[in-house]
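So, here's a batch of structures to check.
Each of the next two complexes has chain A plus one more chain, namely chain B in the first and chain C in the second.
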Partner chain A sequence: MKHLWPIAKITFLEGLRSRVFFGLFIVALLLFSSTYTMSYLFPHDVVKVAVDLGLGITSLVGLILTLFLGTQLLAKDLERRTIHMVLAKAVSRSEYVVGKFAGLSLIIVCSMIVLGGFAAFASWTVDLLTADQYGVVHWPTFVLALSMMTLMFMLLASVIFFFSSFVSSTFLALGLTLVIYLIGQSVEELKHFLETGAEGVAISPVFLKIVTVAYYIFPNLAAFNFKTQAAHGLSVSLSDVVWPFLYGVFYSGVMIASAAWIFRRREFT
Partner chain B sequence: MARPFVLPGVLVALIAGHLLVAVQLQSQRVAMAQEREELGFLPPAAIRLLALDYRDLVADLIFSRTLSFHGGVLKRGEKIDARTWQAIYRRIDAASELDPYFVDPYYFGQAVLTWDAHMPREANALLDRGRRFRPDDWVMPFFMGFNAFYFLHDKTQGAAYLMEASRRPGSSPLVGLLAARLSSESRGTETAIGFLQELEAQTDDPGTKEEMKKRIGALRGIWVLEQAVEVYRDRFGSFPADLRELVKQGVLFAFPSDPYGGVFYLNDQGKVWTTSDLRPIKR
Partner chain C sequence: MEPIVFDDVTKLYKGRSSTSQVAVDHLRLSIAEGNVFGFLGPNGAGKSTAIKILLNLIFPTSGQALLLGKPAADTAVRSRVGYLPESPNFYDHLTPEELLWFGGKTSGLRSNQIKERTDSLLDLVDLARVRRQRLRTFSKGMIQRAGVALALVNDPDVVVLDEPMSGLDPLGRKLMADIIRRLKHEGKTVFFSSHILHDVEDLCDQVGIIVNARLRRVAGLADVLSVPATGWSLTVKATPDTVRSHLTGVTATHTARGGLTEIRTSEMDLGKLLDRLGALKEGLVSATPLRPTLEDILLQEIEHADGESR
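Let's look at the complex of A and B:
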């Protein structure tokens, strides 16, 4: 695995050079500046709204970044046939996949630090300019929410890699991952809704079974959402954090290992 | 025409056309928004599904739109009908369901659903969520207690909520006092004044404070008249035909005025009320 780090480093530098990256950061800056005007529209929970906006924008920009960079980085190598150059060296295919993922993860972590920094700055200034009765920023949960969001994007990146390992078009990998994201964000809510039942609505047991199976197959991305806790400074127990964290690690691990395995058997033309 | 000018010409024509259409579209959209009054709305369960990772933000958005819709109606001086009040209630409720810790929907609900919309039951249903999710916030059961007592005429329930409020951290000692008074006797208006004084002390918005003061003033007028009516009944054995009678017969020295610009009167049940209905009268 000695080639892992060089590949990660190249991927990281290649990602930084991407134009998507800087375009999104400018968009993010513009969005963050809206925090000031938006949060003062609210009579009481001013800082809460500022934190909502900060974390919401971070989540949106982070998502776009992960989706586009993730699909670009791997698929570009395949489409441009540069992969042959890499694999012609003594680099194993699993090394290549894991190294690429490490590089992408590094980009995600760095972008989240920058985006989170913007969000923190915006929330902090609103906090500074308003009296304490309009709320304060709860920094420990704020950082926790950002960290869990980062983990969620890394999981999503691993899903992109999984699809990219057998799908030949960038567009298809992007579309499939987007679908997984949508399902992953709402499957928990759907399962809960069907289990508790709506008044006067008959729910077919078969459908409930399907949703339950889906719940275990698709990643439960809502588990990484700590934004409400951050906005209101709600107490978070250790198990609230440990289980989603382990879930993220294992799910990504399974995805990357599968991607490496499929990739090894793939014929390049 | 020379060829090099064709494309720029077409472009200029298109831009001009676009500008024309955009202006038309804008006025059509404004007309449409006024027509439908933003009434179409998804049930909260559907919103939760569609909100994805942005549930808190969606809650903020729904609430702020409701707030600005309500503000717009007030500014135009229009009356809000029962159907629109229902729609406003559904939105506040949805926002607070998406983020049950969010304080603003509760305060807004308490402010408009009770006095303006005459929906105290809905207000208390909304506040009950706040009472459960914000266990350290004494204001939620305090509001509920006031609504139960003043609007729903349920003193027992009102006293129970007030007791709960008085046990929560940061509550004013007056809350416990009010709870005791509420469970002991029936001096309704006096208790209401006590409530409102407490509410006014809790408010820091100058506009709301002014409004509270007005309401306290009006209730004080009612309270004075109620006592005078009692004295009149003791003395003459019947209700006065007209409240002015109280001054004529020397029970009152001066007739109180309603800060809202209404006139106090005695209704069919022998209760003192005002023609302003405790709302500013438009002249």
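Let's look at the complex of A and C:
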């Protein structure tokens, strides 16, 4: 794995120099500027709304960025056969996949720092202009929410890499990842609802089994969502953070290892 | 040890039905160290497939390819190999300098070595003045030259070039030919496929002709081309009518070429023809022996292959 850095670096530069990247940041800036007017529509919860909106915009832009750059980075290499140039060097296929993932992860981390910075600035200025009785920003939870969101996008990027390793169409990889994202956001809630909250409603045991299996197969992305805690300043226990963190690292590792395994068997005509 | 060996390599592609298409059929080929080898064949003959097997981009169905004595699947051996793909596509967001940094790093070069190689190679391929310009602004010829620099950044022992001349203007072709000559002079082994037979005749020590997935002939270029002349072509500064009046009793054909006339005759009739043309001797522009060219040999092999498949 000694060639990870050169691959990660050119991948990072590719993301940084892409038009999608700049376009999204301009959109993000416009959205963040709307935080000021939107927050004051809720005079009693101005700061909470500002934090919630800021993190929401970060999450939305981060998601679009991960989906588009993630699918583009691998698919473009395969479509344009740029991969030939890389694999003709002393680079193993596993190094290629892991290096690309490291580059994309670096883009995600940097983007989240910048987007999170915008969100923090917007929340901070709203907090500064508002009396304390209308709420304050709880910075530790704010940073925690951003960090876990970053981890979630890295997990999603690993899912994109997994699909891109065997699907030939960019759109199919994008579509499949989007489906995984939607399932991942709601599967925990659905399972919880079916197990506890469906009073008077007959639930098929087969359906419950399917949802339970889906719960274990698909990534539970809701476990990385700390936006509510950040907005309301709720306390978060250590286990609420450690388990999703380990889960995210493990799930991403499995996805990337699988993608590398498939890549080792793939032919590049 | 031969730097490039194809040891009975076969590649089959499975079709939609149960049929398989043979892309390379039992290829057995070894290339000696320091040789420039020209790999010739029509489109779809299997040249690029063989090259991709050599670089482990695709896998043989049977047999194996060896590079510098190691299996093609050995990643480390590629740090001693340079490759220029056909119609190369590189990361166009990079500059030539960044591209060579990437090539150097992935070949295990240190930063100071990369700097040295980058300076000399960008001078060699005439891209020094655009070293910090992104590749997306480059013409096809410039991309090809950047690709050559990338292939050579690690000072490889073996250089594999897939159609290096295609799409280049005369100046670009000359530059590429000069680079191949220089590599030969440095004792590198060069394996290149080409459609431009003139370049192959000019540069190669050895040629291999592949048609319909099968290697038909491998020979030293001297052996291929040094066959006895089958006739002569004489060009004289005279009108066809004047020439015709001198040709009675000689088996020859003539064709007008601008203000000149080309006369073709057999080896046997050459003396007689020169006697008859005595009066025109001062107008003799050239006399060339007619031998089969590489193009004739390639076409002959294609015809043979077509005949076999019928």
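What to note about this one:
As a convention for this text, the second predicted complex is superposed on the first by the 266 of 269 C-alpha atoms of A that agree within 3 Å, B and C clash if a C-alpha of one lies under 4 Å from a C-alpha of the other, contacts with A are read in each partner's own complex, and residues count from 1 in each chain.
One rule holds for everything that comes next: a contact is a pair of C-beta atoms (placed from the backbone, for glycine too) under 8 Å apart; a residue touches a chain by one contact, two chains touch by 3 or more.
Computed from a predicted structure; not experimentally measured.
For the composite obtained by superposing both complexes on chain A, the positions of chain B and chain C are free of clash and fit together. When both complexes are overlaid on chain A, the residue A:A102 reaches neither chain B nor chain C. By the touch criterion defined above, A:S18 lies against chain C but remains apart from chain B after alignment on the C-alpha atoms of chain A. Within the superposed three-chain model, A:D45 lies in touch with chain B and out of touch with chain C [touch as defined at top]. Using CA centres, the angle subtended at chain A by chain B and chain C is 150 degrees, rounded to a multiple of 10.
By the document's definition of touching, neither partner reaches A:L178: not chain B, not chain C.
Touch criterion met: A:A231 reaches chain B, while chain C stays clear of it.
In the superposition on chain A, A:V91 makes contact with chain C only, not with chain B. Overlay on chain A (Cα): least separation between chain B and chain C is 33 Å.
Annotation: chain A has no residue touching chain B in one complex and chain C in the other. In the complex of the two chains, the chain A residues touching chain C come out as 2-3, 5-7, 9-10, 13-14, 17-18, 80-82, 84-92, 267-269. Across the complex, chain A meets chain B through its residues 38, 41-45, 48-49, 52-53, 55-56, 59-60, 63, 133, 182, 185-186, 189-190, 193, 198, 221-222, 225, 227-228, 231-232, 234. Considering their complex, residues 52, 55-59, 75-79, 81, 83, 85, 88-91, 93-94, 98, 101-103, 105-108, 134, 147, 150, 154 of chain C touch chain A.
Partner chain A is touched in their complex by these residues of chain B: 45, 48-50, 52-57, 59-60, 63-64, 67-68, 99, 101-104, 107-108, 204-205.
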